[in-house]
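Okay, got some structures for you below.
Here chain A shows up in two complexes: once beside chain B, once beside chain C.
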Partner chain A sequence: MTATSKIEPVLDVSNLTTSFRIGGEWYPAVRGISFSLQPNETLALVGESGCGKSMTALSVLGLVPKANGRVEADHIRFEGKDLSRLPDEEMRKIRGNGISMIFQEPMTSLNPVLPVGFQVVEALRYHQNLSRAGRERRALELLDLVKIPSAKSRFKEYPHQFSGGMRQRVMIAMALACRPKVILADEPTTALDVTIQAQILSLLNELKAETDMSMIFITHNLGVVAALADRVAVMYAGDIVEIAGVGDLFARPTHPYTEALLRSVPRSDRDTKTLYSIPGAVPPLTRMPKGCRFTARCELAVDICRKQNPPLDALAAGDAHSVRCWVRGNHDRAALKENADV
Partner chain B sequence: MSEPLLRVSNLKKFFKVRRGFPNPETVIVRALDGISFIVQRGQAFALVGESGCGKSTAGRTILRLLEPDEGSIEFDGQDVVNADAKQMRALRKRAQIIFQDPFSSLNPRMRVGNALAEPLLVHGLMSKKEANERVRDLLEEVGLPRDAGIRFPHEFSGGQRQRLGIARALTLNPELIIADEPVSALDVSIQSQILTLLRDLQQRLNLSFIFISHDLGVVRYFCQVMAVMYLGKIIEKGPVPKIFDEPLHPYTVMLRDASPVPDPTARKAFERIEGEVPSAVNPPSGCHFHPRCPHVMDVCRKVYPEWIDVDAQRSVACHLYTEGRGGLPVAEAG
Partner chain C sequence: MLRFVVRRLIFAIPTLLAVMTMVFVLVRIVPGDPAQTILGDQASAEALQTMRERLGVDRPIIEQYIEFMGGALVGDWGESMVTGKPVLAEIARVLPYTIELTVVSLIIGGLIGIPLGAWSALHRNEWIDYVTRVGSLLGLSFPAFVSAILMLIVFSIQLRWLPVISGGDRSSFGEWARSLALPALNLGLIMAAYITRVTRSSMLGSLGEDYIRTARAKGVPERVVIWRHGMRNALIPVVTVVGLYLGILIGNSVLTEIVFNRPGLGKLIVGALGQRDYTLLQGLMIIYTFVIVIVNLLTDLTYGLIDPRVKYQ
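Entry: the complex of A and B
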């Protein structure tokens, strides 16, 4: 599957900006990002803590806190509907039905005082025309599907009686309950140890192969990305700075941030004599620089980087690999000079 | 080789817990079931294994933050288990612990400079003025501004708070640092900054580490020697590169193969664990790993395997290496 294939995307996000009001001013945490998701595709979102990965997913589902948050987009198109303009009531029907989310912390999203099986049955309640008995049967099937051992006898147990890995699998069962077209998985394996993580990744891969489900997988584990993704979007400080097919991204990391990130991972399959570290830190939301937001940490930065944020352009015409960088990207130099004077 | 800094022998720690509803029963969690290892000066020693296998319990018991039930601990030739309060205080200056969550171990209402100076003043090692100067040096040592001490913990980012945790562990010039998952809560770029810092400290100050982690990539980078734990017991130990390149125990193989590597061309089908991961309350008979082991034999179900020294540096507890059996099939170890 490539980004250029002619199939209709299941999800198409255009120019999404999510801002927060901090001390009376609005600051964008996600700024004008666009991407689309093909049927049966897994798109990984990676990047430093705070770069806007969770907010991207929450914006799609209309779950950004309204108290101090604001979502704007040209469109967020899903099955012919623009989610960014959908009334709350309709949005609720999409959540868990057409699109479902696996939240990072399973304990906070499961109700501790309700039996696990009951919660899966509840997840089915609003969305399917099933009888009570039918819902219970389906819930049990789902728990078996995510390999909860002896699911039948554990149906009435409470979340605290399940291990972390099992709770995470219950969350996945609930997310799958209504056969969603799209799953948004926010760090679903970060809290797990490697053997359980491997199990969940293989489960997700298997489910994807069996249905035509698509997935946005948020993580900062590049090993997990390599194991699972079809395409990868690298985010930095609210921007997508590079997007490419998974093979291409690892073979030809082009944005200086992507390149530095890959060099910063110690690998278990080979010796690392010296580990690269990116100096400095991401600037806070309230003090973002004017130009490229990576400038202060970038070894390649030139004058224009400090003045103007580069566009996200394909490396070659028709290439599915795009990069947002004045030095490494492929930009029309003439236009660039013109703009630089502004 | 000189006298080791730390020698742990047959260390045990059991917890009694009440479990079950409506008729709670007292059960015994064999969190640490007789582990032995040696840490040399200047060496980083890794304890790895999946969640609940007893890594943190080991770290805490060695510093007697938990009282051991059995076994011996020798620090620089000195008996730790039977040390009295005064000896213990002296020992705690020389061995420090860094916790995974640096926030919970920092007092939120205290300026970090005062928090860092506290142990120096409590131990009566310095005047107030000297202590303040030492704190400024420490902050600089861990890559924070010298004047960061006037700030409160919440004014620091996650990575900076982890640096504060390291600064605190360094305050009393320890010889051994027990680092319990010091980078697992951090993202890749901050993780590499912290690892680089720890590596630099290790080399400059000849520090020893017990490094607890389940990230094998981090262990391979940072540690020289490692022990793999499974349900309260060490099942394999040896030098780091060798264990990665040629693991002896089937569980070590499983752990290595489940660790994803950042290379899509190395993509492989993950092994599925069938059935439940067993618990330290009633570990399986014989070799604890036998229900998950692809090489299980009759003897594995009945008898716990003895320690076998495979060569001068490596040892393993697995029946594949007893009675002249040849060990793992070659294809798998490679």
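Entry: the complex of A and C
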């Protein structure tokens, strides 16, 4: 499956920018990114903390706090509607129904004062025309589906009586309740221990195989990407810097940041004493450099990198593998240099 | 839960004993002589001595203490040193007035404070929020007796809607309500100011929680997100503050009672203190402690209604 596929994408995001107001000034946390999601595809968004992965998902769902956040896009197309221009009430009808989200923190994402079963029922209540009994039956089915043992007797229990893994299963049940077309999974396993992580991932894989839903999987764990994703978008400081099919990306990591990320993964098949880590840190939102935002940490940086941010271009014409890099990308540098001075 | 209540009441006994001892000592440390207060400045030394003997304050302090504690435990709280009536009867006469004033003030405070606090939180940093915050600060810093007098001037003297002296008329429900309205409103508005501020800040806290985002992500309508998911969690600190403030309110309603000329515990305490009425003061302090214990117990039980994580054992 590729970005240029003929099939109509379920979700098509074009030029999405999400900004935050810090001390009276607006700073973009997501900078004009575009991507699309094919039916039954899993797109992984990868990058270190603060690169804009979660903000991308929250922007799609219209959950960026309005008080100090602003979402702009050419379009966010889903089922023929442009989500970036939808009135609040229309957007509410899509949330949890056509598109749903699983969050990173199962320990705090459930309401502590409401029974678990009720919280699953609630996901059905405002979207589906079911009787009270019908909703409860479906909620119970969902809890069985995500493999919560003796779901029936635990239906009226509260979140504090559930373990972290079980709570994340409840979150997944809630997200699946209305059979959504798209699931946004924001680091759903980061807060869980390794064995539970594996269980949750295989559960998500099974569920995806059984239904025709698509998934955007946000993570910084490249092992998870290899196991789960069809396509990968690597994000750095609010930009997509590289996007490719999963096999292609691991075989031919092209952007220096992707390369560095892959080098930082601990491997059991090699004998290494020290683990590589990328020097430096992501520049803060309020002090983004003018050119390519990875320049300061990049070993390959040349003059133009400091002056102008490179475009995200395909490595070869028609190739689904695109990279945003002056040195490694496929650009007519001379021509672009002229533009830079304009 | 019943076991929890019984245990809490048993644990209250040492508290009560300690308070009784402290009160016994404290009222006797305060300079002044009850016999002198009763008989006046012109009384002769013999008359004072006779009065002291009659009141029992001439005997050794240990003897007085043993008699007081022994009596209190079997329900004999003695007679008021000033009026000669049984202390229990004096307290029983005014207690209903204090309870009705406190309960109605609390209801007024909650009905105003909780919605106003939530509203303010939802419009954070907008003009509604600023008005509410300034208003509630004013409510906190305005002396109760000044607002009471202002209310009397407006509602009783200018508009003539309500009686000036609301001394607890109980002849009919209408009269009862009319006599209670202004004092309850006076204390209720102060209570509302407290509740507004706590509700606002705890609502701001709970609306920032992850589960609120989850509820929104499920497509739950905003109104339901705010009241079912936000408010329920925000109420826990509100209950704490109400519980604490109720205890203070019971003792501090004295200024309101004086301005509106209502009977009540606060007024009785101030009177007893002024006249060095040792026995009445002791009785009042025991009741006051007991009320605080009960209010704390009710507060703890309310937590359980709101938060399923609270367990009573």
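Quick notes on this one:
Definition applied: the second predicted complex is superposed on the first by the 333 of 342 C-alpha atoms of A that agree within 3 Å, B and C clash if a C-alpha of one lies under 4 Å from a C-alpha of the other, contacts with A are read in each partner's own complex, and residues count from 1 in each chain.
Just so it is clear, a contact is a pair of C-beta atoms (placed from the backbone, for glycine too) under 8 Å apart; a residue touches a chain by one contact, two chains touch by 3 or more.
Bear in mind that the values here come from a model prediction, so they are computed numbers and not experimental data.
Clash-free side-by-side placement of chain B and chain C is the outcome of superposition onto chain A.
By the touch criterion defined above, A:Lys81 reaches neither chain B nor chain C. Contact with neither chain B nor chain C is seen for A:Arg252 once the two complexes are overlaid on the shared chain.
In the superposition on chain A, A:Lys307 makes contact with neither chain B nor chain C. Between the Cα centres of chain B and chain C, as seen from that of chain A, there is an angle of 70°, stated in steps of 10. Counted by residues of chain A touched, the larger count belongs to B, out of chain B and chain C.
By the document's definition of touching, of the two partners only chain C reaches A:Ala123; chain B does not. By the touch criterion stated above, A:Leu222 is placed in contact with chain B alone, chain C being left untouched. When the shared chain is aligned, chain C comes close enough to touch A:Leu110, but chain B does not. In the superposed pair of complexes, A:Arg70 makes contact with neither chain B nor chain C. When both complexes are overlaid on chain A, the residue A:Gly96 reaches chain C alone and has no touch with chain B.
No C-alpha atom of chain B lies closer than 7 Å to one of chain C in the superposed arrangement.
With the contact threshold set out at the top, not one residue of chain A is in contact with chain B in one structure and with chain C in the other. By the touch criterion stated above, chain B contacts chain A in their complex at residues 50-51, 157-159, 186-193, 195-196, 199, 214-222, 241, 244, 254-267, 269-273, 275-277.
Across the complex, chain A meets chain B through its residues 48-49, 147, 149, 163-165, 192-199, 201-202, 220-227, 229, 246-247, 250, 260-262, 264-269, 271-272, 275-278, 281. Across the complex, chain A meets chain C through its residues 61, 63, 67, 88, 92-97, 100-101, 103, 105, 108-115, 122-123, 126-127, 158, 160, 171, 174, 177.
Looking at the complex, you find that chain C touches chain A at residues 124, 209-211, 213-222, 228-229, 232-233, 306-309.
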